[in-house]
């Protein structure tokens, strides 16, 4: 039974490695935070799995409970950051508006969407 | 200049990697760290302090000076952040963001926060007071308790959270935690023992020396927890609002 | 209960690989919030590594601070920083 | 023996759903579809894994294992609340941030005025 648990843990770690692609190469910040959210949930499962392998679940379960309660604070913080600071549309640049497409977003999105606070108006 | 810096970086990496060869293995029983002090702590810890979790005993009893000044450092960090950022009137050079109205669109977030925040606070108290028997202690419990106020401020607004936990109250909690810690040490000193020698509490509480050390650890952890909780909330208030406490993240 | 180091070397290799990827990405990404988010992912793997090495108290501290507070504070600070300034 | 078979079945089901989530997150072309994949699959597979683990813990019954079982049920409950809420917050942020949605390249709208409301380019976003 333990070898089965170890196999399960290694499979979950491989899936986390695949999700890390979305975190590192995601076009926008919101894709990245989605990947981090998924990785956090998998971490909760993996901690309990490690505890079962070590036969000390009652020690490890507090960490997992803490993760289950705390994991989504980061997600909500970044989501609030982009909910409250909505884009202002510059109506002069109609040409560039029409050229918006997912491929253009992937090329330049990581540089532009990640930077915050730069063009805020200074009063 | 850049390739030169890379060569230096590579050489430093090679030197550090060669130095790791001399380090002892993981879980090596013959390593210097586990031959001098650790056997003493592991063998004597439970008989001297009645605390099954050795980490808590070492942190709050054998090395309590260290923990005292750690909490003082955390307290000083919050004071410095407040000193640098806090301003009462709205300044002239502050970055103003355009924020859309969000009436009635936060209902799901607020419902989830209402169901999670009480459990989070109870869990924080459990972690704080169960630190003798399971992983956890003052620092972890304080951080989780502070995170509950951060979650309240995120899901509602900064003003709403500051009505519940006022700024003056935050500062009072900051100072009171560190004062509780140092006060216990002073009581021990007044009873004729060393500073932070918890056996001095035995006469006051009417218990044996071993149980007095256990109760002393508990009181000290509560002080650390109060300080850390208030410091986390204070850091969030100052940093998220840019110093004028008007709108948060 | 004994801790068999040879049994779980796959966990070590995968977690360390992901930590290295996260560290390199957090330094090389352009945006400030992107770096903050990748730092949050890094703290998850650090907590897994401490758990795997059976340092449970350290793992709990890392879980509480890394999952809740540190990323929130970094993101809250990033909204007042001009990313195109030269300093 | 029966419990072992049940545990293995539930874990493999959970792993299948985790794999589906990962494939969705990597392969889907659009932010909104990725959030859909993550929100559905992750919650269910986490519940599958934790349910299997709680069955495995209850195999040798004692007071301590009962306490661990109750904590596991609490984890399941709060992941069930927290994970969809986080997904909702993310997708709301994406909607406010005007992340463009994906259309099939062949039926892109020829009338360009229709597309101006939602497909705003990232250059104009000032935050």
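Brief remarks follow.
Each chain carries a letter (A, B, C and D) given by its place in the written order, and its residues are counted from 1.
Please note the rule applied: a contact is a pair of C-beta atoms (placed from the backbone, for glycine too) under 8 Å apart; a residue touches a chain by one contact, two chains touch by 3 or more.
Quick caveat: nothing in here was measured; it's all calculated off a predicted structure.
Compared on C-beta pairs in contact, B-C and A-C come out with A-C as the pair having more. Centre-to-centre, using mean CA coordinates, chain C is 21 Å away from chain D. The geometric centre of chain A is 12 Å away from that of chain C, both derived from CA atoms. As a whole-number value, the distance joining the C-alpha centres of chain B and chain D reads 32 Å. Residue positions 33, 35, 58-59, 62-63, 65-66, 69-71, 73, 76-78, 80-81, 83, 85-86, 88, 113, 115-118, 120 of chain A each touch two or more of the other chains.
Of all residues in chain B, those that touch two or more other chains are 95, 97, 100, 109, 116, 119, 127, 135-136, 140, 144, 147, 150, 154, 249. Shared interface positions of chain C, defined as residues touching 2 or more other chains, are 3, 56, 59-60, 64, 68, 72, 75-76, 79-80. Which chains touch which is summed up as A-B, A-C, A-D, B-C, B-D. Interface residues of chain D, counted against chain A in their complex, comprise 4, 8, 11, 15, 18-19, 21-22, 25-26, 29-31, 34-35, 38, 42, 46, 49-50, 53, 56-57, 64-65, 67-68, 71-72, 74-75, 78-79, 82-83, 85-87, 89-90, 92-94, 96-100, 102, 112, 115-116, 119-127. By the touch rule above, chain A contacts chain B in their complex via residues 58-59, 62-63, 65-66, 69-70, 73, 76-77, 80-81, 83-86, 88, 117, 120-123. Residues 1, 4, 8, 11-12, 15, 18-19, 21-22, 27-28, 30-31, 33-35, 37-38, 41-42, 44-45, 48-49, 52, 57-58, 61-62, 64-65, 68-69, 71-72, 75-76, 78-83, 85-90, 93-94, 96-102, 104-105, 108-109, 112-113, 115-120 of chain A are the ones that touch chain D when the two sit in their complex. For chain B in complex with chain C, the touching residues are 26-27, 53, 55-56, 95, 97, 127, 135-137, 139-140, 143-144, 146-147, 150, 154, 232, 235-236, 239-240, 242, 248-249. On chain C, the positions that touch chain B within their shared complex are 3, 5, 53, 56-57, 59-61, 64-65, 68-69, 72-73, 75-77, 79-80.
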